[in-house]
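In the two complexes below, chain A is the common chain; its partner is chain B in one and chain C in the other.
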Partner chain A sequence: MTDQTQHTAAGATTNRESRSTGGFLGLKGRDVTLMIVVLILTMAAPIILNPFPQGSSLAQFNAGYPDLMQRFVIFGILAIGFNILFGLTGYLSFGHAAFLGVGSYSTVWMFKLLNYNVLPGLVLAVIVAALFSLLIGYISLRRSGIYFSILTLAFAQMSFALAYSVLTPITNGETGLQVYTSDPQWLRAAGSPDMPHLFGITMRATETVRVGGWSFDFNFGYYFCAVVMVLAFYMAIRIFRSPFGMMLRAVKSNQQRMNYTGLNPRPYTLAAFVISGMYAGLAGGLMASMDPLAGAERMQWTASGEIVLMTILGGAGTLIGPVLGAGLIKYFENIFSKINDGVLHQWFAFMPDGIENALVTIVHPFVGKGWHLTLGLMFMLIVCFLPGGLVEGGKRIATVFRRDRKSGPVEQQAAQKRNAE
Partner chain B sequence: MSKSHLTRRGLIKTGAATGAALATPTLFTGAAWAQEQGFANAPTGDTVTLGFNVPQTGPYADEGADELRAFELAVEHLNGEGDGGMLQTFSSDALQGNGINGKRVEYVTGDTQTKSDAARASARSMIEKDGAIMISGGSSSGVAVAVQGLCQDAGIIFMAGLTHSNDTTGKDRKANGFRHFFNAYQSAAAMGPVLERLYGTDRKAYHLTADYTWGWTTQESMQAATEAMGWETVNNVLTPLAATDFSSYITPVLQSGADVLFLNHYGGNMVNSLTNAVQFGLKEAQANGKQFEIVVPLYSELMARGAGQNIAGIPGSQNWDWKLENQLGERYKGTNAFVQSFGEKFGFPPSQAAHTCYVQTLLYADAVARAGSFNPCAVVEALEGFEFDGMGNGPTLYRAEDHQCFKDVVVTRGKENPENEFDLVEIVEVTPTEAVTYEPDHPMFAGGDLGECNPGA
Partner chain C sequence: MDAIFLQILNGLDKGSAYALIALGLTLIFGTLGVVNFAHGALFMIGAFCAVTLSRILSASFITIDETRTDFLGNPMEVQTPYAEAWFGPEIGASIIDWAVPLSILFAIPVMLLVGFIMERGLIKYFYKRPHADQILVTFGLAIVLQEVIKYFYGANPIPTPAPEVFRGSMDFGVMLGFDPNVIIYPIWRLVYFLFSLSIIAAVFGFLQFTTFGMVVRAGMADRETVGILGIDIDKRFTIMFGIAAAVAGLAGVMYTPINPPNYHMGMDFLVLSFVVVVVGGMGSLPGAVLAGFLLGILESFASTTWAIGLVPGINQIIIYLVAIVVLLTRPRGLLGRKGVMEE
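Here is the complex of A and B:
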């Protein structure tokens, strides 16, 4: 065999050794910190996302209500999965929404046929998404670059059209697939809740805790999704740090060189494609579990584009970036779009009428219906000035602070490191 | 090489997180969304919040904008501001102009984007974040059905806005959902005799149908009504709701041997498809030795405004029209009161979408006032079988079996020579309630089950 494989094999053994000597669940160093940060952020989200007291004028910037928090983590899962494909191999899929939709439909069908327990639905969602992505991946991965993107886009639009009109007996078209009281639900036990639940605890169960003027919603559905996301995130770290992840990076950096060393990249890329498809299916299944309706719109190309935006906005190829990107976009979609002219007039009410109206006119195109415009501008700025996304922004800010204290050593260290390499 | 960062601080952090994670299950012992008074989102302060979920983007955006205006006006009147509008003519006098049950009415708005997913997300955020006690609005039956299902699960009252599909109060009816607007079956029942009088009994129809619940049921109803009087149906082509150009669907119509084209489209869809049809010369065409005709089963002034001259002579049906009381008299009282206060505030007459949303808001408020409680089950009880008048449609009944309103249906026609931009349709006739009444288990409405009212606690 070639030099290359021996090298990876050696890398793998050292990896394994270090795993046994130190670390936490096979994670090392900064990954442990990252994992803990993610854990804290997700578990305390209902508190962190509701920083303003209820009834205050800033309360509308609160994002700590169950629906939005669930969306944060579900789209986080989706973006993590997408990043395994795009961030590692560089293959830009424009069709991931199709897997999301397939997952949703599978889960709702399980609700209709079996019962409202979410587990069978989620399992089926992941399996169906895996098969579906295997099929699409097998064909699309025969090409790379722009052709791959266009192929996936075509497949996704095809799925959308199928779900929207051709397969209406299965998908219920525009109206969306819902559970009716007349559905069989063969495994349904008497007295079990008639909404999605996990062994009797409904996804809607919420405990509202009031502390002073604040109100925090602890929702079971959210915590269920959050636990799934933490597991998904952990898996992603392991994939990123594994020899398999290294091979995917090799595909991204120079596929030709990989070919010349006698390695066939296709099994690796196909595996990455299927894994990320399964993540998307899981996210779709969770979406349907939180709200038992599956609409065809979630398969449309705009939805696929949104996933790409999330990943790039947050920082493609980084672990935490896509999750941050997903959160940012969902925050804009749900909070900024709610700011209407009435709210603006309230904000600027302290100013003289003329200036107030002028300010409202200026701000108006950027909020409410115009949230897309604000997001677009931000996306432009980030791509131009922070190509690494929010993560790069965070790093730069961190460097600024570090420089203040010990600017010398950082650069020296970097220089030493470069020399050593 | 392996340098672990497991510091004391890190350990404490992990410990705290694990503790929080372990403690969370114990927090979920409480009932869902329950509050002080045993139902979801019970208003606690001196205000009550209503949620108005309308399309602000997409093919029905014009209707959505008009619905928002109507909601704004309704809230104003409920709070005792303005001239009171229909509160003066409404047959029930439970509303005093002091809000609802003494609580001042506030409202939040959302964008349905004419998509079921987005509409449900928007409604959920109104319920969970803003504490809305009632959701109203919507301009698409797909959205109405989706949001109605959500409100049923959440224990919130849904007062449907513009939704015309049979399914809303048929197959998909829900105990917590109410519809004031008429439906496709009623349109067909009202239009049948008019079409027979206008175009005879020997016609061949070609349907272009918006591909979702509303389009399907409208097409089904129109086909049944026209075939009952001897018409033949040549073809039915489904078009995507998001389509903006219908030329490729219009081209085959003339070659198909049909001599009537049914456009089962609404809003922006209908404006575009009708414009395409007129551009292709269908209005002047001859087929089977007869003049080619176009029919639009569901009509509105807003669409007429969008389609301009093309609308002239084309028949359709409406839930309500702003000229009703002026032309047909006292029976439709309330119309002028509403048109006047709407016109004074916004400078033009309201559409039927605005009317139904305004009426629904008042009906909800009145039901709460009569029941003396915001509890959804009390509201359902107050609305079921409720007979009222003075809301512009003549005597109306909210039927208990399917939560559908029964009232007269207006058949209209595009004016040949409109005098101004708001007077684009003329009233052909008004079909009395009895002619458009059907059994709750009529085949086109069968398969539904209201279920139990859900107070959400």
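Here is the complex of A and C:
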């Protein structure tokens, strides 16, 4: 049902745009630029994320290893999907991790029953997540505001508790669902790889290229996820620009008015909920494809909270924001948390000993194991001063620069006026 | 009959904690209109007040006793708490023993201060912002607070025992005319229940029978009019925030002997207390208390082998299940008022 809505909505835009501007794949002006930027960034990520030569003291800030890059794009997909719900309609779901978990479980089941090819798993993950989110969304969307948040939270916590206890035959409880040699794998061809693959190319296949002191890993799993994310991003742009996206914005800005206009917001919000649930299911499926293991802790409410953090940090309601937020949080989790006292001493070594020790003592609580503290502080500061997230921060900096270039008083006023609006 | 009674008793201690936290949440929501996701963190800070005070009280100095030797033959080092040195061994030992109840006196000013700082420093700026922003900023604050506590106290739970007198269990059934050894109940849990009842009574009494409380209730009903009448309602609401923080903190202090505090206990309770508040009805103080005890007792009934045999896993999901049913059939909760949070 949702697919239909989506297609008709997207189709409508295409028609109108092709009449007016032509465009590229149904995208206009700045969206084309954005799309190309995202495409280049994701495709060149193994190079961009490895700016420091191997063996240098800064090499630990390199994020260009396959495992982390995969997580960047997978959580990017998750955040893009969450943003379609929260960013457009304003419904704050605290239970999105449930769909992620369901997606992971379905994919691992496909591995167990058919074979290690990821495609059937991903398809099933999206379908199951869609059905599950249709059920939860249908019930939860009867309420709005904080009641909706609590309802989604309650459903997700219930799924988590059940996955841990009663549903053990399906979820394998605390151990987590994984593929055993005794599993049937009915469609498995002789000689096909013994790990997730796409028509024979395994997700772990990695080509390492050495250029001077640098070493770049080009991993098939990453590129597979990256392509999926670019497609997901493209879909998100189309949804944002479509009449359907407009309706969702109307739900956020004034639902009452929408009612009075004679429109029922429920089908639109439900469609948005299911679409974002499908994105989460896809992300969960990809997660299981990279590492064929699914655990219940993926469904816990803290995981849902993390999705919210990502979206807000980057900028809810913007296209690129959630992806940035997801990248930032995952970077913090994996890289920032590795800074220990030894590294700090190395950094501040050029200072006199007393100051060095003092600085290390001050910085110590915020790095390494205390990275959550920095994350929490950053999050609070962003909610307080930059409600639009990192994207708004970037825009503000951009306006400052623009003002400097053409510092006519009239333009400044105009810029302020724009900002105020 | 006695089995039912036992389950009700078992549900009371958790129910008391839910009720106290939900009461504080509702006070903040009803007065300031702010959804405070950092309330669980306040509960946790209260618990760590008890840990801190018991550490301070048992602070000791080391003397070397030449007359005795340890198992290696060296002179034995004897730790003497300052409390015992200053007040004599007997009084000193009982002061250390009573650290948790004494923490109440310590926690009240600390929690009031924490509440004031939080309200004046952060929450004040969020009155006019959407509820989603309030949830998010207090969620961030909760992360920060729990990380700070983790930095100072470590990640492991810290056992903090109750006073000697209240340890162990008593045969509660005999007093009520049941057979002996049927209803054995830990004494501290009974103390916790009575304590929370008295706190709840104190809060309701304060709101109902003092002039200050009357003004606050008037402000809850119509803030603007109270302001027009020349009353500085903001100041009183700030004080109410401090009181709500103190209620959560005291719930935490007294909960330490039941469950050794760790840095994420606040988050664990937060989710459940929000469910409690919503079931009771946003903004309704009696609703919060009623739902707290009700859900605590229901949870305890669902944990019996009989209930689990009937519906597997029911003990894990009962609270959420009740919340979903209540929200769908009675959107305003059990005792909720009309028009609260229904944008």
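Structure notes:
One rule holds in what follows: the second predicted complex is superposed on the first by the 374 of 421 C-alpha atoms of A that agree within 3 Å, B and C clash if a C-alpha of one lies under 4 Å from a C-alpha of the other, contacts with A are read in each partner's own complex, and residues count from 1 in each chain.
Please note the rule applied: contacts are C-beta pairs under 8 Å (C-beta built on N, C-alpha and C of every residue); 3 or more make two chains touch, one makes a residue touch a chain.
As the structure is a computational prediction, the values presented were derived from the model and not from experiment.
In the superposed model, A:164 makes contact with both chain B and chain C.
Of the two partner chains placed around the shared chain by superposition, chain B is the only one that A:207 touches, whereas chain C remains out of contact.
Contacts of A:349 after superposition on the shared chain: neither chain B nor chain C is touched.
In the superposition on chain A, contact is made by A:150 with chain C only, not with chain B. Once the two complexes are overlaid on the shared chain, A:190 sits clear of chain B and of chain C alike.
When the two complexes are overlaid on their common chain A, residue A:337 makes contact with chain B while staying clear of chain C. Touch criterion not met for A:58: it reaches neither chain B nor chain C. The larger set of touched chain A residues comes from B, when the choice is between chain B and chain C.
Applying the stated touch rule to the two superposed structures, the overlap between the chain B and chain C interfaces on chain A comprises residues 164-165. The residues of chain A lying in touch with chain C in their complex are 90, 92, 139, 142-147, 149-151, 153-155, 157-158, 161-162, 164-166, 301-302, 305, 308, 312, 365, 370, 372-373, 375-377, 379-380, 383-384, 387. Against chain A, the residues of chain B that register as touching in their complex are 1-6, 10, 13-14, 16-17, 20-21, 24, 27-33, 35, 56-57, 108-111, 115-118, 120-121, 124-125, 128-129, 141-142, 145-146, 149-150, 153-154, 167, 171-172, 211-213, 238, 240-241, 447, 449, 451.
Residue ranges of chain C in contact with chain A, taken from their complex: 35, 122, 125, 129, 131-133, 135-137, 139-144, 147-148, 150-151, 267, 271, 274-275, 278, 282, 312-313, 316-317, 320-321, 323-324, 327-328, 331, 341-343. Contact residues on chain A toward chain B in their complex (touch as defined above): 14, 18, 21-24, 28-30, 32-33, 36, 39-40, 43-44, 62, 65-68, 71, 164-165, 173-176, 178, 180-182, 195, 201-202, 204-209, 217-218, 220, 223, 291, 293, 295, 297-298, 334, 337-338, 340, 368-369.
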